[in-house]
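Take a look at the structures below.
In the two assemblies presented below, subunit A is common to both, partnered first by subunit B and then by subunit C.
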Partner chain A sequence: MAVAVQGAPTKGSQDPRPGLVARVKLSYSKHWYAYAMVAPVVIVLGVLVGYPLINGFYLTLTDANSLNSARTIGVKEIPATYQFIGLHNYADILWGPGSYDRFWSHFVWTIAWTVICVTLTYSTGLALAMLMNQRLRGRSLYRLMLILPWAVPTFVTIFSWRLMLADGGVVNGLLGSLGLPEPAWLSDPLAQKAAAILVNTWVGVPFMMVSLLGGLQSIPGELYEAAEMDGATAWQQFRHITLPGLRTVSSTVVLLGVIWTFNQFAVIFLLFGNGAPDAQILVTWAYRLGFGQQPRDYAQSATYGVLLLSILIVFTSFYRRWLARNEEASR
Partner chain B sequence: MRRGIAASALVAALAVTMAACGSSGSGSDDKAADGPVTITYWDTSNATNEAPNYEALVKKFEAANPNIKVKFENVPFDQAQNKLQTAMGATGAPDAFRSEVGWTSAFAKAGYLEPLDGTPAMTDKAAFQPSLIQQATYEGKVYGAPIVTDTLGLLYNKELFAKAGITKAPATWDELKTAAAQLKEKAGVDGFFMRAGDGYFAMPYLYGEGTNMVDAKGKKITVNSPEAVKAIETYKSMFTAPGTVKADVTTDSYAHMMDAFNSGKVAAVINGPWEITNIYKGSAFADKKNLGIAAVPAGSTGKAGAPTGGHNVSVYAGADKAHKAAAEKLAGFLTSAESQTFLATKNSTLPTRTDAYTADVKADPGIAGFQAILAAAQPRPELPEYSSLFGSIGTNLGKIVQDQSSTQAGLDATAVDYLKLLPGFSK
Partner chain C sequence: MTATIEETVKTPAPAPRPARPAKARRRGESTPLVRALSHGALVIASLVALFPVLYIGFISLGPDKMDYLHPGQIFDKMTFSNYSKVLFETDFASWFLNSVIVAGGTTVFGVMVAATTGYAVSRMRFPGHRQLMWTLLVTQMFPIAVLIVPMYTILASLKLLDGYTGLIIVYSATTVPYCAWLLKGYFDTIPVEIDEAGRVDGLSPFGTFWRLIIPLARPGLAVAAFYSFLTAWAEVAFASTFLLSSGKYTLAVGLQTFVSQYESQWNLMAATSVLIALPAALVFYLVQRHLVTGLTAGAAKS
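This part shows the complex of A and B:
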């Protein structure tokens, strides 16, 4: 390798840019060590992320399902018989017959679900974080208790909620004793959506609270003291010190919250199973197509996956641009 | 080498060996038939009531065949189809399993099952009811030995019916509605609890109007025909009529229905013989004679019909010779007259062969009740995709009974889904 370094042709010269091959060679001879160090990671990522992604994308262009895919039946091998059908799956999902019921209704609900859940978890998390940031007795005990929903395995939380929300459950018992209406949380479509949001908020708040608490503690106390000297009201302090101080933390947790909520499989699936066609979000719907029915429709399930990924990529790029612009403006 | 290791590991190892040495591997398979073989059997029966009796049978089989060990695994019925599908297309599949009649042809079409003609599993082919053999047949070959058969019936609480002054079981849906109202008024209990959003349990309504989800012979989708719409209108009314329980579409609805019936809070349900042992455990049925069993009510055509259900024992096509031979023996043993009589008396389920109906079996009021209505059961059309049809109709029935879509629109959506599942069919 050292020979290659010595033979590097254009080092330090002002000649026109060398050709592509030469440039690759040059960069290789200069940085081979870096390439060698990065190679394992690239290979592992390629195998674990790249290959499935490309394969999944290819599936979306076929009519693969569990009856025509290649399968090994013990000692027998059956080759795949599915065919390339171009973009038909996308067309079928987006504007084929019944596309409103199959895709758009879930799309609208997924967006609404994400916005509502993130708003609720963020604002509740922020409120709790500010409370926890006060100097009060037993603060660490409260913090511990508020982390609890996060520490319990999600499926345990959700199954407990399913019991509590059932027709004869605790929630309705409480509502009934207060003389309030008792919605059928697990069967009425609108109540199902409310129940899903409620449970997801419960599951999501601790993360928001802990992250924001960390952010709050990094804001210097002098700022508040100075503001108080100048006679700023609590609202003004919140508006001009707390919120700007939390900007970096907030932008990260909101982005994560959106991505997680958008793909929040566990809450919907464990709460309603294969029922509740209206409360299904796009991820659970994709699961149902790919694994929850017979025959399994791998192609359309993969198509849902690609659509989900595209939506998130578009959202993330816009969000980052918006953040960058805000950052500029606030400087 | 001894073959006393877990079958799943063996199948996996074998797949690798076979891939490596091609067809020359078959010679070594024959030798294994002499040594002890361990096969895996997946049982899908109710884990608390039925499975122990199946396990006892398997123990008897092991005692009779010292060279064969059976690994008995109970898989919950509602997950079994998915688990089998996954395992059989990859590794870890059982060598033999109890398969619902509706799955058999679909699995056979996918190439997962071994034909059983001429094997120890089918030595008494003539003893089985011909329609059940027909159900297990795909393209001229038998892929499952029928072990249990069933159909849906109207199960009712005789005491509550008597309290409400009803002397005989309702024969039509309208009579059932009248009875439900009377039960609510005079006996103070809910009259009828129908399982909501489940295609299988809605089949009697379709049969009652002389239609089905599809016309398999005419290659036509009939799920949104005027007759089907009428049938589902009746279905829908069974959740709103006075004395009926409102539609329960939660994941636990089946349990809710049976709990209410077994404890006497509901006077009538539609269900099959697989629940009988559970029902007898309920507080309302301490006296077994209190359980009334009648055919499902009839629709406007005056005819009643319910789907023929049940289970077959099938053998996995991917196992090696020794395992297949052992699995076929097990299938033959489990479906023998003696075994079926044993299962029937213990589980109150219906045998599939005529020589298994001994005096003891016929004395069981549950079996006698269902045997009387079995003749009216409708076998499935020969269509491997048929069991896939229940998914879409179930979802849409859920929407229909919750008034989220009209009956026609819901069934039209189902028809669109069916077009995809059934290429070559017309609407």
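This part shows the complex of A and C:
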């Protein structure tokens, strides 16, 4: 492989990305290859994401549930009998009777959950990454230990947390021995929320830490040296070198963090099962409507899904616009 | 993907350890007090990170299902009986095999598909590549709730419910967008000269990709494989919805059968958890050296 690199002609390296004019000149075969190479993804996503999305969207306009959908009982095939009801599901969820308890309370909690979790994971991840970016003895050992939660499947560690947070579990034992109150983590509504945030932060920090550590390592050390020469304080260095140097990594991990946390299913589902109506975020609530009750309300569940997706798309486009504007301003 | 691209054209750290030459060392070599504090903070953080994992391992040694309530007593009666019970008296073996098939299939299929896409988007400027990248990001946002119902009905009509193929396809659809994104970033860090050299030597675009780029992209591929494997290995929602008979369960679903409404066999569950975590930890150990490099390339260059 090295031979190939050395023998590479350096002439074309100046402009690896052809501009518009050159693009037109690109040979037909090149495009052909490009399309052939992306075809599998386009097909998989089209069939498994595109089609279900359209199908799911159609379901939101019906009153489908497990009683009137097509199903097979024994050898008997029962055709679907659900009906088209227009936007009734949306109206019902957003401002129908009891919409506060069914939607808006979960909506507020989902937003709070996302903001709190992303803030906590990001700041903890950044702090740990900065600690590990120093010349410290045993750095790689620390890294190995700190990434470990990521390696163990989430559902395993969540069950471990369930044991630790149970009444009379380790966490309350520790709190009790320190003379602190011992909340009922898995049954008291407020404590449930705190427990969910705690566990999700624990689950999410390794990803943030590894990504930010990579970002920190790509900041040239000379910048800090120069800053030190000029007598900059540690805070000034952090503010003016570290944060700008991390901007691209940060914007990506924060965006992914928001999307993943907003859609975080496993933590709440496994920590409380069907038990905690107050701690359900919109995703788990939608799942419960569709699969956690009888009869299964497919239409309402899908409507929640479409609402969730719209919230995320609106958020993402604002976020990207905001990033772009920041980028302009900092130039 | 956006205007942010130009900013990171400087190469991300080539390798984690020798990243900073001796010059920058002065900054890291702070006062003994700062160093002690750093060590203290990292030790505490490591304990918090490790404790839940170690705790479930410890609980798994207690023979009785209520032992988790008084863990102190486990010291007196440690035994591996839970493990033998799980291994020989439950469906663990078949669940394990199912998980290996599903996670392995997802990894192979997903990474292959993601790699070609990532390469095409990284190297070729074809009409529609921007829209493709945007689509890949948007699919990250799909809450399972919006997909799970239609996917269920689709799989049901294709008779793919309660089987491996359906799950592998579903999991690939969820992992491929992120992997393609990540690999695109990684391919961007590989000099284009290499492609050009391959082209000069008479390789087709696909030949260049397969013979030259894939071997160079191993760290990135390792991270993508790691991500796909863990996602499939640990996924709960799809698996518990789409798998109907206990012979087809993956570990994630099988594990839940120990903790039902009526009986909670926490000791067996703990032992099973440890057995599930071991292969994942092994995969993790194999790729962890590449993790920082691979992820950075993906995250920094998106």
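Keep this in mind: the second predicted complex is superposed on the first by the 286 of 331 C-alpha atoms of A that agree within 3 Å, B and C clash if a C-alpha of one lies under 4 Å from a C-alpha of the other, contacts with A are read in each partner's own complex, and residues count from 1 in each chain.
Please note the rule applied: contacts are C-beta pairs under 8 Å (C-beta built on N, C-alpha and C of every residue); 3 or more make two chains touch, one makes a residue touch a chain.
Keep in mind the model is a prediction, meaning the values are calculated, not measured.
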{"item": "Greater residue coverage of subunit A in the superposed arrangement, subunit B or subunit C", "value": "C"}
{"item": "Touching partner for A:42 - first (subunit B), second (subunit C), both, neither", "value": "second"}
{"item": "Subunit B versus subunit C as contact partner of A:101, first or second or both or neither", "value": "first"}
{"item": "First, second, both or neither for A:283, with subunit B first and subunit C second", "value": "second"}
{"item": "Touched partner set for A:291, first subunit B, second subunit C, both or neither", "value": "both"}
{"item": "Which superposed partner A:272 touches (first subunit B, second subunit C, both, neither)", "value": "first"}
{"item": "Partner chain in contact with A:189 - subunit B first, subunit C second, else both or neither", "value": "first"}
{"item": "Which of subunit B and subunit C A:248 touches, first, second, both or neither", "value": "second"}
{"item": "Partner chain(s) touched by A:142 [first = subunit B, second = subunit C, both, neither]", "value": "second"}
{"item": "Touching partner for A:180 - first (subunit B), second (subunit C), both, neither", "value": "neither"}
{"item": "Overlap of the subunit B and subunit C footprints on subunit A, listed as residue numbers", "value": "69, 166, 291"}
{"item": "Of all residues in subunit A, those that touch subunit C in their complex", "value": "1, 4-5, 7-10, 12-13, 16-18, 23, 26, 29-31, 33-38, 40-42, 44-45, 48-49, 51-53, 55-56, 59, 69-70, 127-128, 131-136, 140, 142, 144-157, 159-161, 163-164, 166, 168-170, 202, 205-206, 210-211, 213-215, 217-218, 221-222, 224-225, 228, 247-249, 251-253, 256, 259-260, 262-263, 265-266, 269-270, 282-283, 286-287, 290-291, 298, 301-302, 304-306, 308-309, 312-313, 316, 320, 323-324, 327"}
{"item": "Residue ranges of subunit A in contact with subunit B within the complex", "value": "66-67, 69, 71-76, 78, 97-98, 101, 162, 166-167, 186-189, 272-278, 291-296"}
{"item": "Residue ranges of subunit C touching subunit A (in the complex, touch as defined)", "value": "2-4, 7-8, 10-13, 16-17, 19-21, 23-30, 35, 38-39, 41-42, 45-46, 48-50, 52-53, 55-56, 59, 68-69, 71, 112-114, 116-117, 119-121, 124-127, 129, 132, 135-151, 153-154, 169-170, 172-173, 176-177, 180, 191-194, 196-198, 200-201, 204-206, 209, 212, 215-216, 230, 233-234, 236-237, 241, 252, 255, 259, 266, 269-270, 273, 276-277, 280-281, 283-285, 288, 291-293, 295-296, 299-302"}
{"item": "Footprint of subunit A on subunit B - complex, ascending", "value": "11, 14-15, 18, 81-82, 85, 88-91, 93, 106, 109-112, 197, 247-252, 256, 316-320, 385, 387-388, 391, 395, 398-399, 402, 404, 413, 416-417, 421"}
